[in-house]
Each structure stands twice: as C-alpha cells, then as structure tokens.
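One structure follows; several queries about it will come next.
Letters A, B, C and D mark the chains as written, and numbering starts fresh at 1 in each.
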Amino acid sequence: MDLVALLAIQVLYAIASLALISVGLAIIFGMMRVINLAHGEFLMLGGYAAIVATSHGISIWIAMLVVAPIVVGLIGVIVERTIIRFLYGRMIDTMLATWGLSLFLVGLTTAIFGNTTVGISAPLGSFQIGAYRTSVYTLFVIAVAAVVLAAIFALIRWTRLGLIARGTMQNANMAAALGVNPPRVYAVTFGAGAALSGLAGAVLAPVSGVFPTIGVAYVAKSFITVIGGGAAILSGTVSASALFGTINQIATFVTTPVFGEVALLAAAIILIRLLPQGITGRFFRRGL
Amino acid sequence: MRVNRRTFMQGTAATAAAGMFSSSAVAEEPINVASIHDLSGGLDIYGKPMVDAMTLAIEEANAAGGLLGRPLKLINYDTQSNMQLYTQFAQQAALKDKVAVVHGGITSASREVIRPVLDKFKTLYFYNTQYEGGVCDRNQFDTGVTPAQTVEKLVPYAMKKWGKKVYVIAADYNYGQITSQWVKKYVIENGGEVPAIDFFPLDVTNFGPTISKIQAAKPDFVWSALVGGAHISFYRQWAAAGMRKSIPMASTTFAVGNEHIVLSPDECNGMLICYNYFQDLKNPVNEKFVASFLKRFGADYPNITELAMGTYQGFRLWAEAVKKAGSIDRMKVIEALETGISIDAPSGKVTIDPPTHHCVLDVHIAEVADKKLKVLEDFAQQKPADTAAVCDLIKNPTDNQQYVIKI
Amino acid sequence: MNARSLNLVGLGLVGVVGVAFLVLVPRVVELDVVLELTVYMIMAILALSLALVWGYGGILCFGQSAFFGLGAYTYAIAMFNIGESTVPLLLAVIVPAAFAALLGYFMFYGRISDVYLGVITLTVTLILFNSINSTAGPEFHIGSARLGGFNGIPGIPPLNFPGNKAAPIDLEGMFYLATAALLATYFGLRLLLASRFGRIIVGIRENERRAELLGYDPRAYKLATFTIGGALAGFAGCLFANWGNFVSPTIFGLAQSAQIIIWVIVGGRGTLIGPIVGCIGIQWLTTALGANQPSGGSDLWAKIFANAPLIFGIILIAFVLLVPKGLVPTLGDIGQSLLASRGKGAKRLQPKRAEEG
Amino acid sequence: MAAPLLQTQDLSMHFGGVRAVRHVNFSLAEGELRCLIGPNGAGKSTFFKMLTGQLEPTHGQVLFRGKDISHAHAHDIARLGIGIKTQVPSVFDGLSVRENIWLAANRLHAGDKTRRVVDEMLTRVGLTEAADRLVGQLAHGQRQWVELGLVLATDPELILLDEPAAGMTHEEVNKTAELVREINRTKALIVVEHDMQFIRMIAKQVTVFNQGSVLVEDTVDNIMRNPQVRDVYLGKQAAA
C-alpha cells in the first residue's frame, strides 16, 4: 500500500516536472509558432542563475523563484530582439538559429563556469510513507507546477494579455487586428516563456544538478511534450505531460530507466502519427 | 617508504647530467609528447585535471634540463568528447607530430579507439585512467588501478563496518558492468549477498523510482559505480529522500571527477572510497608535489584527482624508462619499462608489472568529509591480480586484446 | 554562355578537380593528411545524403545520423559474423534503406510534415542512441558480435577486395575508395536530379499541393527520396566504420545530427557542391580547434577560442541570419552580379536555377 | 439525357462547428461550362477543394463519370482528369516557366513529345518570351497564365477555375474570356467569378452559392434579374 502511494507521488512528480520543463516552450510555440531549440539551455541558465545567487548569500527560495526567472526572462528578451525577430514566419530557420544559440550557450557557460560548479542541495528534508522515505522537495516541485499552471490559466482567462494570447493562438493575425503592437507582444511572450523556463530550471536544479550540457537531457522531452500536446498551451501541456509522465515513470519502475525513456519516445512517435496536430488538435480544441 | 637505491642514484645522475648540459638542451630538437584528452564536452571534468598534471610534469622535466639533453614539447589535443577525433588525433600524433609517446584516453571506449591506431603506427601508448582491467598489449602501459586493486580492499572494509547485504548501482557501460561483477564476487566471497545490480545509462538524471526500489530491498549499504555529471543527481536525490543517514554508501568512482566538490557535505559525507591517490596523502613527495601543483594552477584548484595523478605518474614512468634506455626508440623504451621500472611518486612507490604492463602501487581507503577526502587505511603495493590472471606479455609478447576476465 | 553550358562547365570542373585530387593526394601529402582527408570524403557522402533529402526533397530530417549509424553498426555486426566484406557492405546499405523506407512510409503516408518530420526523425535517432547505449551487458549480442553499449564495437575488420578475405583494403586504398565513392555519389545524384524523378521531387519541394493537383503522389516520391538518402547515409556509415575500425552510440547522438545539418546550412541548401564544401570546411575547423590546444591556460579568451560548441553556435546563428542561402549559392550570386556588371547588360542575366550545383 | 460528367449528392463539409458547405446537389453535363457565383464565404472554394480531393467531405458524395471520388487522393483525382486553377496562383515559384509547364506535361508524355507539348503550351498562354525566367519573379497576371498553362498541359476532362479574371486589366479579361471559350470547345469547365461582365461573356448557366448551399441555378439573364440573388450577392456588391 505504501509502495503504491510512493509510486503515485513519483508519477505525479514526473508529470509535474515534464509540465514545468515544457510550459515555457509551449507558450513560445503556442503563441509565436517558434520552436526554440535553445530551450534546454534556458533551463540550464535558470539553474546557474539560482546557484550564483545563492552563493552570493541570497536565500535559496528567492534565488529560485525570483532571481532565476527574472534573469532568464531578460536573456529571453535579448535573444528575441537580436535573433528571433528577424526570423518570424521562417519556422525552420528559427529552429536552426536557436539550435546555434543552444550550442553557443553551452560553450559560453563552459568557458565561464567550467565544469565544477558547486550545486545547491534540496531543502525541506524528507518524510516517511510507511516503510519508505521520500523527499519533501518532490512535493514542492509538484506544488510549483500546479501554481505555475494555475497562474497561466488565470492570466489567459482574465487579463488583457490573456485575451491577446487566446486570439493569437486561434489566429496569428488576430493580435495585429486587436490593435496591439506585435513586436512588443512577441518580445513579452518570448521573455515570459524564457522566464518560466528559468524558473523550471532553478526549481529542478537541486534535484538534477547543474552542468553546462544538462539542457540536452531536457530539450528532447519538452519538445516532444509540446508537439504531442498541440497548440493549446495549458490543456496541451497538461495532457501530454500526464500521458508521457505516467508512461515514463511506470515503465522505469517496472523495468529500467532506459526502457522508461524509450517507452516515452515511442509513445510520442505513435501519438504524433495518430494525432498530427497533437492531443489538443483533436480533443479540447477550444481549450486554453 | 622504501626508495630503490639504484633508481635513486640514476635519477640524481641524470638530473646532474641534464643540469650540466642544460644550455645545450634548448638548442636540441624537442621530443614531442602527445596528450589526447577530452577538454570540452561531457567528459571534460576528467580530462582537464589530467592535462594539467601532464603540463606540470613536462614543465618540471624541462626545468630539470629535459630528457636525454633534449627539451620536451607537449602537443595537446582536445577530442571534444567526440570519438571520431580520437582516431584523427591519434593518427596525427603518430604520423605528423611523430611523438615519442601518447598519453591519453579517458573512457575505455576512447582507449579502444586509440590503441589499434597506435599499434598500427608503432607509437608507444600510456593509458592513465582507472578502468575495468584486462587490456593486454605490448605497446600499451596502464597506470590506473583496476578492480582487483581497489574493490577487493573496499568491499570487506565496508562490509565489516556496515553489514553483508549490498545493493549495487552502476553506470551502464563496460566499466560499470565489469566492476559490478567484481563487487558481487568479493561480496559473496566475504559471505554477503547482492540483492540487485541496477545499470544506468550515462545521461540518466531521474533516480526516483530506483531510490524506491533500493528502499524496498533494504540493503545494509549501497555500492555506487555511477559515473559522470548526470549521475551526480543520484546522490542529490538520495540525500533529499533522507536516505543518506539510514543507508550508507561505498564507491570506486565517486570523487574521481569532482563529485564531492559539487555536492554539499550533507549529501555525501561518510561515503567510503578507495583509490591510489588522494591530495591529502601525508608524505614528503606528495606535499612537495601538491605545493608546486597549486602554485602552477592556483590555490583554489578544486581537487587533484586520481586520474591527474595517474597521468603524472604515467609520464614519470615513461621518462624514467627513456633515461634508462638512453633513447626514445619505442622498443628500447618498452624493454626498459619491462625491467620493472619504479618511481617514487606522490602516491607512494609505483612499479611497472612487466607481464601485464600495469602497475604495482599503494591504495588507500578514504572517507568523504566536508569536501575533503580523509584517508582511513593504507594498503601497500597492490598487484594488478585481475589482469595478471589472463595476461602475460613476457610469455606472449604478441598478445594484443582486451580480455573479459572470467569472474 | 547560357545556363546549360555553364552547368556543364561546372560539372566538368568538378570532375577534373575530383580526379586530380584522387590521383595526386596520396603522392603529394603525408599519410596522416591522407587519413584525415579520407574521413572528410566519407562525411561528405553523408552530407550529400542530407543534401538530397532536405535540399532537394524538402524533407526536414533532423535524424540523418540514424541511417549513418545503422550503416556502421550493420557493417560491424555483419563483418564479425561473416568475415568477408561483400555481404556486410551490401547489408550496410540495405538495412538503413529498409529502415528509412519503413519510417518514411509511417511518416509520409501519415501526412506528417515539416516540423513534425524534424521531431520524429530526431526522436528516432535518440531512441537508437538510448537503446544501443544500454547494450553494454554481455547478453546483448547479434551472432558473435557484442553490441558493447556505450563503449561501442572496436576492432572492426576492414573491407577486403570482393571475394578475397585475405586481401584487406589498406589505408591508401581506403582513401581511393572513399574519394571515388564521393565522386560517384556526386555524379550519380547529378544524374538523378536531372532525370524525370529529380525534377519531380524538386517540384514537390517547391509546391507540394500543386504537384499533387497535377497528378503526382508526393508521398511516393518523398518515400523514394528518403529511402535513397537512407541508403547513401548507410553507405557512408559503412565507410566510416572502416576508417576508424570502431563504432559507438555517439554516432546516433544529437551532436552528430546537428553537425550534418550545419554542413548543409553552411554550404547551401539546394546545391550538391555546397554541402560537400560545408562538410569539409566544418570538419577541418573541428580538427583545427581540437589540435594545438593551449595547455594549462586559464585565460578566458583562450577558453573561448578553444571551445568548439561556442564557435559552431556562432557559425550556425550567423549563417541563418546573414547567409541564409549558404556559402555556395551566395558566392554564385556574387559571381553572377560581378559578371553582369562587367558585361554591362550586354548579355541578359541568366536566372539562377533551383537545381544548380 | 446522357449521364452527367460530375455530380455531387448531399455534399457537406463541416469545420468544427462551422458548416462551410451544406447538402449540395450539383450536376454538370459533359462539355458544359458553368459559372459559380456567391458572396465571399459562401463555400465555393471549399466546394472546389472537395471536388479535387484537397478536402475530404464530412457527408455526401462526389461522382465523376459515375465513379465515387469523395475519398480519393488529390493526385488520383488529377489523374482521372480534373484540373484546378486556384484563386491565388499555385505554381512552382523556384522554377522557370518552362520547368513549370514541363512538370505538368511530363505526366502524360515522354522525351521529345514532352518538349513539343511544352513549347506549344508556352505559345498558347503567351509566355514563350518569359520561358526561362523564374516564376517567382513574374508579375501576378503572368503567374495566372503560368498556372493555366500547367492545368491545360495535364489535358484534363474538367477544369475548375477559381476567379481567373481577378486582378486583370480589361484587356486581359477579354483575352481570358476568349481562352475560356476556346477551352470549352473540348472540355467542361466550372468557373468561380465575381465579375458579371466576364460571366456574361462566357456562360449560359449559373449556380449561386449562399451560406454553403445552392441558392438558385438558372441562366445568366434570369440570375441577373433574380431579386434573391441581388439581395445576397449583387446588392452587397453594390453597397460596397
């Protein structure tokens, strides 16, 4: 019984971490039709931002929840202004340019930080479920994911920015029709997506550690989650994370982590084959 | 520490001779020495200290007048964690730079790429990393420790301290696979049991389900043969789940890179490890070495690793053999090395074992304590018994393969 | 001079330079350079495979390394089991081609396009990477060949003269073989692209819907293109396994896939000579960056210049933003406008044709 | 009466909640030239897309010479002999005019024959001069001609023309009308147009679409007089 409870927490954790690492990419993809292959590096930079901040005596909570999103959000705005804006409407070129950015950021962090960066360890200790112990931090990650998703829901549902976002998701020309300044909307959107990635990277840093090449481990998974989910930011991310997270974690527990990974990737291929527009392209089409 | 009188005499003589002719040494054609290591990409944690140690060894040698009156030139290749470049650079080192010796390779995979190339082009090769054992090739010398030298010591030590039920987790490649078999063998020989061995590819970062499985198995301690940056997250998640205090851990891979610096003391204190070299070894040779290393690369240098020392000792052994042979000719140097040459190294006395081309050396068990490695017990002059069981290059000088040792 | 004769001159030039290269190089340069050039030639064949699939077929394949790796692994496994290289060589072409056909059928007949193609092909190569990477245990073997997991398969026997096991091809022989294979691939693709088939696939790339409304089945043509690309990449993989006598899972990795894309981008999509130039240039740069490393330095600039990912990142961004057509087409444009300004409009400017190169 | 060339039965297309085409029963005789009119969004283009296999109908059938093609692939329908010139010219922009036409002619002919057909077609659509220019660099009107050349080179039985006269000068409109009449000597056509002048020049029968269904079908003159049509279509145009 306690094993089932533990497994349930782990499945929830897998879903939450998938949703966290994907939601920034989903916003950028859903609203701008830009596939950001430097997404993994945004997560990595979030981790570094948190580490550097904590080593300067800032509280770990502020470092993770405030400093990291602000720093990476600003980097996102800079990237949008210097690279992405020249490539709107050229989806494949954007992918290639952001792939270049990804390599560049890996190289730059290696040059600056080297390979030995003292990490941050997970705060909050652990708790007992029957015969098992697991970390409280796992629950914290689940909570952060829930709060982030709820906040995005509220933002999209009830604010002017959200109205523009919904418009843009349904019709790319809508933003212009609403009389908003598209360059600014794009810069803000890209910055917001980057900031969420920074937050996710920082929150996961105590669990998975931070090193320059960690983005590679993230990018394929979040990419697949977003494409699998389809255009709707929230329902897409949540449904795809739930599907892939469950498959991955259960397969890992029953067999090995490799098989868990392969099962996730195979599920993704089958899903895209069956539903080329993603889960939300077929179901919850009117979702957010 | 026993110092071999003969080598000592030779050493001083050579130094004196080199000193006398040091002015002419500069004018001589330099001897090229190649270093082929990953300095970027996923494996640079290991490569960087190795190249630093190599640099220091060569600078010291040049300051002492070079070798055979000729200065040494380090040709440093970065393979960028890319196997194709290992082939290319090994070819370049042999054919273009015409180096006297190649030191390099980190993973067993990279060694198996370099080895045939250097065999083909008749260039002497030193592999200075601890590895799974079993390579038998007259052209190659291995200065790293193998499982029979470390696992054999650490298993009974940890079992005596913690108990007989050992859960093994290992990186999913040659080294992890073979080392975990050695662990199992020694645990059973010491009357214990191994409920499970789990393997993880090198890029796995999610260990949640594994940690649950380990808890379900209730071992007395966990043996880790995890490797590389991604696997560090295991220790994090283990500590976060509150396991560090209830189930202890032993390893022959932890702290080979920089794990104990990256992790906080709370996450890894108390872990037992076993290697040939620790920066804190108390002996005059080491104290002098550490001082000059830190002077050269900065007092804040994170850790002089096992692999760095392997490289340093590898170079010194080769240099000693060149002096003895009076030549850099490959066969003459091999023959000199096969006399069982010894050096008095920072880790203690290191001697080439002629039949296996591996080393007889000291090993030490240590405990991780607040980002330092505290030496607990020493074991003098351990032989490479695993490779010796399958390899005798004196009897079969043409043998050339990596044996999978029957365990 | 019109476009057609210009084209013929270009073709002749490539032929003469290629043959001269083939004959002269081993006589002029040292063995280490020959060996290095051999791998460049092999990689150029790989670059051509993507040039066909992406540049002409318009199929965004982020996982060309999957077929390259399959070719290398197939050759290695077959060689350990058979010992004579004729069948392994054929298998190294057939297996990746069959795999490409299967994957292509799944994708094109499922109407998956553009970005989704990129995602699926990338995912497939990552699955192969993960799967092969976890075969380190002794239980994973095919016949007498152990898969070796992360460590890969070392000591792969080289190709031999067909039918004669005792006559392996030596290092210079490998150079001749690789160079001749590259030339054959280049001219073969030129022929293919000049054929009905080639013109139709370019049409499909230009406007798939229109091609369909004219009565061509784009799925079948894309499938054929993808399969040929897979076969070529597999062949390159087989030669690569021969060159280094080893193969490891990194051949399927993200870095390898990225490289191939970068070659084609830098050299120029929609040309054949471009990706060859891009491939050789980038390979040379990779080698140059890795050789002659400063040792023991801690200077930040030294670290940056010795840092391959950083430099490649900048190259990729710069090309996408500033030279989106790639080197060869851009140089072609510059050359043409120079010619035109010299001719003072006496001759009408020839249109740049999409399948030039 | 002979069997119709093209017939649709209860043909419908829904996009989510939007019913773009509703229960259309349409019939076209061999050799007939029919005009389709109707306000923007009346479903004419969607109707064309279903006829050519670019969209799969939600309900109903398309019969071409009695054969059900409602679920056939676009390329198979093209091979059966339906060609379409789309509203925005759909051509191969990166290729020369000659290569464009070649791609169309190549499906039916081989070798020298193809070359001859291409040359003839270039003359017919008046693009011999521009044969070696890239289509992407041509003016809009010329690209329309290229597309028409493409369609004709595949020698279809039935040609669908979606606003062939849009954006043309008066002179060009006349030339187009003449060409359409010429084509109609051997082939059946369905033409979507807004320009009533043009329609008068070419057609006898007109079908009016409104809100996805057929509003009325009659001769040009009667349609012009029909008050219902005036309301939904002409009235609107007059107001604009």
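We adopt the following convention: a contact is a pair of C-beta atoms (placed from the backbone, for glycine too) under 8 Å apart; a residue touches a chain by one contact, two chains touch by 3 or more.
Computed from a prediction, not measured in an experiment: that's the story for all the values here.
Peer 1: C-D versus B-C: which interface comes out with more C-beta contact pairs?
Peer 2: More contacting C-beta pairs are found at B-C.
Peer 1: Quick one: report the Å distance separating subunit A from subunit D, using the average Cα coordinate of each chain.
Peer 2: 47
Peer 1: Just give me the whole-number Å value for how far the CA centre of subunit C lies from that of subunit D.
Peer 2: Result: the chain centres lie 43 Å from each other.
Peer 1: Cα centroid separation between subunit B and subunit C, in whole Å?
Peer 2: 38
Peer 1: Taking each chain's centre as the mean of its CA atoms, how far is subunit A from subunit C in angstrom?
Peer 2: Centres of subunit A and subunit C (C-alpha means) sit 33 Å apart.
Peer 1: Residues touching two or more other chains, restricted to subunit B: which are they?
Peer 2: If we look for residues of subunit B contacting two or more partner chains, we find 40-41, 172, 199, 201.
Peer 1: List, in ascending order, every residue of subunit A touching at least 2 other chains.
Peer 2: Those would be 107, 110, 216, 256, 258, 261.
Peer 1: Tell me, which residues of subunit D touch at least two other chains?
Peer 2: In subunit D, nothing touches at least two other chains.
Peer 1: Can you tell me, using the touch rule above, whether these chains form a line, ring, star, complete graph or other shape?
Peer 2: Contact map by chain: other.
Peer 1: Considering every pair of chains, which are in touch?
Peer 2: A-B, A-C, B-C, C-D
Peer 1: List the residues on subunit C that touch subunit B in their complex, please.
Peer 2: So the residues of subunit C in touch with subunit B come to 30-33, 35-36, 39, 130, 133-134, 136-138, 148-152, 154-155, 240, 243-246, 248, 250-251, 255, 286-287, 289-296, 298, 306-309.
Peer 1: Report the residues of subunit A in contact with subunit C in the complex, numbered from low to high.
Peer 2: Its residues touching subunit C are 35, 83, 86-87, 91-93, 95-97, 99-108, 110-112, 216, 220, 223-224, 227, 256, 258, 261-262, 265-266, 268-269, 272-273, 276.
Peer 1: Which of the residues in subunit B come into contact with subunit A in the complex?
Peer 2: Those residues of subunit B that touch subunit A are 40-42, 44-45, 48, 172, 198-201, 203-213, 215-216, 229-230, 232-233, 236-237, 239-243, 246, 258, 261-264, 266-267, 302.
Peer 1: Contact residues on subunit C for subunit A in the complex?
Peer 2: 60, 106-107, 110-116, 118-120, 122-124, 126-127, 130-131, 133-134, 254, 258, 261, 265, 300, 303-304, 307-318, 320-321, 324
Peer 1: Enumerate the contact residues on subunit D facing subunit C in the complex.
Peer 2: Those in contact with subunit C are residues 52, 54, 73-76, 78-79, 83-84, 90-96, 99, 102-104, 106-107, 132-134, 137, 150, 154.
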